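Quick one: this structure, given as structure tokens, is what I'll be asking you about.
Chain IDs A, B, C and D follow the sequence of writing; residue 1 opens each chain.
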Amino acid sequence: MVIEEENYCKEYTGFEMMLVSACRQIRHDDVVFNAFHWPFLVVHMAKLLRFPNLFTVMEVGLSQNEVPKPDKMPYSIVDPVLVPNSVFVGDSIDALSILQRGEITLAFLSTSIIDKYGNGNTTVIGPYKKPIYRLPGGGGATEIAGLANRLIWLLDDHSKYRFVEKLDFITDPGYLNGYDSRIKAGYPLNSGPEAIITPLCIMRFDPFTKEAYLDALHPNATIEQVKEETGWNLKIADEVRDIKPPTMREIEICRKTMKDAIDQYYILKPEWTKYLEK
Amino acid sequence: MVIEEENYCKEYTGFEMMLVSACRQIRHDDVVFNAFHWPFLVVHMAKLLRFPNLFTVMEVGLSQNEVPKPDKMPYSIVDPVLVPNSVFVGDSIDALSILQRGEITLAFLSTSIIDKYGNGNTTVIGPYKKPIYRLPGGGGATEIAGLANRLIWLLDDHSKYRFVEKLDFITDPGYLNGYDSRIKAGYPLNSGPEAIITPLCIMRFDPFTKEAYLDALHPNATIEQVKEETGWNLKIADEVRDIKPPTMREIEICRKTMKDAIDQYYILKPEWTKYLEK
Amino acid sequence: MSTDKISTMREAIKKFVHNNELVFLGGFGNGIAFSAAHEIIRQDLKSLTVCKCGGGILFDQLIGAGVVDQIITSHCWNPHGPQPAWNLKRAMEEGIPNNLIYNEQSLFMINMSFYAGYMGVPFMPIRSIVGTDIFDNPKEVGLKAAKVECPFTGEEICVVPAINPDVGIIQVQRADIEGNAQMWGLIGDTKFGINACKRIIVAAEEIVDKAVIMESPERTIVSSNKVDAVVHEPWGGHPGYMQGYYYTDLEYRFNYAKETKEIRDWNKWLEKWITGVNDRQEYLNILGEDKLRKLKAKNLIQGAVNYGY
Amino acid sequence: MSTDKISTMREAIKKFVHNNELVFLGGFGNGIAFSAAHEIIRQDLKSLTVCKCGGGILFDQLIGAGVVDQIITSHCWNPHGPQPAWNLKRAMEEGIPNNLIYNEQSLFMINMSFYAGYMGVPFMPIRSIVGTDIFDNPKEVGLKAAKVECPFTGEEICVVPAINPDVGIIQVQRADIEGNAQMWGLIGDTKFGINACKRIIVAAEEIVDKAVIMESPERTIVSSNKVDAVVHEPWGGHPGYMQGYYYTDLEYRFNYAKETKEIRDWNKWLEKWITGVNDRQEYLNILGEDKLRKLKAKNLIQGAVNYGY
């Protein structure tokens, strides 16, 4: 995707950069699985920015390929405003069938904790039956991670508590134990994580070992910082690419999207989070 | 079903008697699989005669529980007049699911050739790949025979060419090789043929051997005649019951149904059949 | 077989839901069976196992009220995003109000298990979950997946077992008095889940003539032959939404997350909204007419086609 | 990904259907793909295998014209009832015009095979067909069923293999230019069959704006991401029916049975209705305006609901 050089934005957050950077990964002919949380915002931005007719599928059982024209931003991937803006509405199994036939070319996912092989955990910290910390559960992420051609992780908090050597529980399959273990388990050849995008950087996966390495830095982030915040001994590309900052247009759409999302409680205002964290 | 003694009909055909006799087997709370050919006519008659709200299911994927109010008789079980007279319309698998969950309490079926264990053949006479006579194929009869609680066969031609000791090909499972072979194959305990109704009689099945025997005679038919027209050594009940003739009301509904069916080419006029038989 | 099955929610739950049973609750966003769950809590049922593709605050309330021993679902979030709901956390981490088994399934695993139940077969094959702890883990808690070799391709493939709940309850847009129930908009797991159940309660925003059902019979998700009770329960899906009837009460949901973070606040919430009211009407009285007016859906009447022949 | 895929039937068949392929044809009563089959015959394709839950006179014509080597279906009747169609009989009993393999499936077996193809899994379990010759017989001709042991219940159960046709063609009520295709009334095997296909041709009675599609998105049976060509083909399902558009031509169907009983009559029929015309429009010209007027469906516009929020 070509970015107009002259119009870069100066002030933006790492979170905004993550969304913009994710958005740039989409190709015009992608069939995108549109998952809850940050993935939904990225796809929303992509439709407004570049691909109004992007074909997208949601796990509850609907497909869209028009820019959304609702009077309100969906509060969730099950919002009723989506229905009369869809070209197909069925049930969850209809959505699964598209994934399972291998027709989803791209999916974004968020997860709570990730390991170096791109596996995700949204289930539990500690033992399964007596958890230290119970996470909410994975929903459809297991099969989205398993069956989409290209999977891109979005982790909004790049810290060593979220990027760990080994998970207590694999909810979402990345490259499992690395190397050919994913293929051996039975997942499609043309599937698996392509990247992890964080506020600091983009990681990609070694084609042989399937271990994540630092591929490109977001502006203002440093290699040292990324290594420091990653909970395993992160490998670094021979030549780490620099990622361009958001353009004015990208950041405008990004902020509009976030504002609409806040109005619908899709994103919480920062002052609310104090009520909700423990 | 109590028949009003005073109103019996005097003149009627064996075919009409078969339809009327079949109709009398239906209970008010049956969930009936409504199959093509004569079964459809029997169910139609039952709705007009006794059970306007009979719950019926058709293999193409629809359910009805109102007396049909179309301006024309359906030409087939896929007629579009059925759709806005149905309480459910889905696909064929929706209909299968009802059968497979064991919720169909009663089904009627026609078949080309039947054996003494109530198996049907609508596939082939002679070798499968090089038939002497190719029959049309069984459609959904295989699973209707396999999965309905009570199955009642309707054979419009009681002759030894249609009632044989052993079939060239089992399309529709009755009691297979008799005794417990049907249960051993895996079919539900509460399933299997209950009766065979012909222009001459009603046969039922021995609870142990599962062989069909003569249970009741239609008026004017004799035990000798039935034995003569049956291609195996037919066993006879200790006490063969006599079946009452059609009432005036039954025959009126029967003839109205057949007339409507002829108008829609569902039944052919006798003079047409010469074009169509070989 | 024309029967009037109209009942109150209280009678329907009393008659058809029993202690220790496996209960399916319908709704994936659209038509979440909140009113039914509240009545289950009021009747103080015990040791239920509840199943549903996404548990959310519906399951969180059942957990907090102590009526369930086990949940079978793919997630149980607070409204504001993928964070565990508070009663779920308390039960799992502290055993409050009781120890809970969270039989975590992936979304499609539970959907295919309902589908197997719907189809009357013992299992369904799926290509996901292999190699994850979702595949193995539920073994300690009940349901489990397995692998079989495909006799046609020779490949190994996962299979998931059928779920056939003892009883299921759905909140739909409309039904007739015999139980032909119609739902439109998003269905999620509701059609297959409810048809897999042995007993069925239908709660509907509106009770309509059968003639209305027959105007678009494709919208029927369960038909009268399977239904035991029909409850006329307007707003029964609040604070979730019902397409064509009302929108999600986002403010109420946000407040739920705030007001249930601490156990004593949860106890107050429980009394105010569930145990302190007698039925849905009293709940709606507390909610207030202004709120209902605000949530009520605008008209967008469409989707007619020619059924002529 | 907004693309105009509009094509003529001739172009679509030429581009997307090839000799020796496995072809799915849609329609169980409603929307039988007659026009597509006729164009396949005109282009004189060879050695096709065709699949469809009920073959009927559609398959009979393909057989008689010599374009198919194998049919996969559950029956192949003449219009007047469960009697084998004449070309089927000639091919099977006398090898005219060529030897034919009739891969007979039960209705639900073929439906579940399409469903497996739709779901992207190699098989589906079913409870019927055990103990019948349907279970074993297709082994000599290609597709076959098998048994597996259920790892949960220990029982043995039949499984049927996935069917994923090379190309599928459906006749639907309406579609947009990108291929979002809608069908209402009876669907039979059409939704799962067509979505199991690798290439897809949609023939529609009407081409509509995408806005019309989005008015009732539940009526979409295949969406644009999978469709290769869209053909505007009014009356493409004659002599079958299309709900809301036209009724079955019972007289024509009856005459078909009369006029194809003898081989020389069939050859005349073939030339008159298929090889002697260039396209569907010429076919309709022979049929005549009076006939079309008589078959045209009356209006019964219904099924609108509130999609508001």
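Just so we're on the same page, contacts are C-beta pairs under 8 Å (C-beta built on N, C-alpha and C of every residue); 3 or more make two chains touch, one makes a residue touch a chain.
Remember, it's a predicted structure, so these values are computed and weren't measured experimentally.
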Check every other chain and keep only those touching both chain B and chain C; list them. D
Distance from chain D to chain C - Cα centre to Cα centre, in angstrom: 38
What's the distance between the Cα centroids of chain A and chain C, rounded to whole Å? 28
Per the C-alpha centroid definition, the whole-Å distance linking chain A and chain B comes out as 58
Can you pull out the residues of chain B that are in contact with at least two other chains? 62, 79-80, 83-84, 89-90, 93, 96, 99-100
Multi-chain contacts in chain C, i.e. residues touching at least two other chains, fall at 120-121, 126-127, 155, 157, 185, 215, 218, 241, 243, 247, 297, 300, 302, 307, 309
Return all touching chain pairs. A-C, A-D, B-C, B-D, C-D
In their shared complex, chain A is touched by residues of chain C numbered 28-30, 53-55, 73-85, 88-89, 92-93, 101-102, 104, 106-109, 111-112, 115, 126-134, 137, 140-141, 155-157, 185-192, 241, 243, 247-248, 250-251, 253-254, 257-258, 261, 297, 300, 302
Listed in rising order, chain B residues that touch chain C in their complex are 28-29, 31, 51, 53-55, 62-63, 65-66, 79-81, 83-90, 93, 96-97, 99-103
Give the list of chain D residues in touch with chain A in this complex. 1-2, 118-121, 176, 178, 180, 195, 210, 213-215, 217-218, 220, 223-226, 307, 309
For chain D, which residues count as touching chain C in their complex? 120-127, 144, 146-153, 155, 157, 159, 161-162, 173, 184-185, 215-216, 218-219, 241, 243-245, 247, 297-309
Seen from chain B, its contact residues with chain D in the complex are 36-37, 59-62, 75-76, 78-80, 82-84, 89-93, 96, 99-100, 110, 112, 122-123, 128-129, 131-143, 146-147, 169-173, 176, 181-182, 185-188, 264-266, 268, 272, 275-276, 278
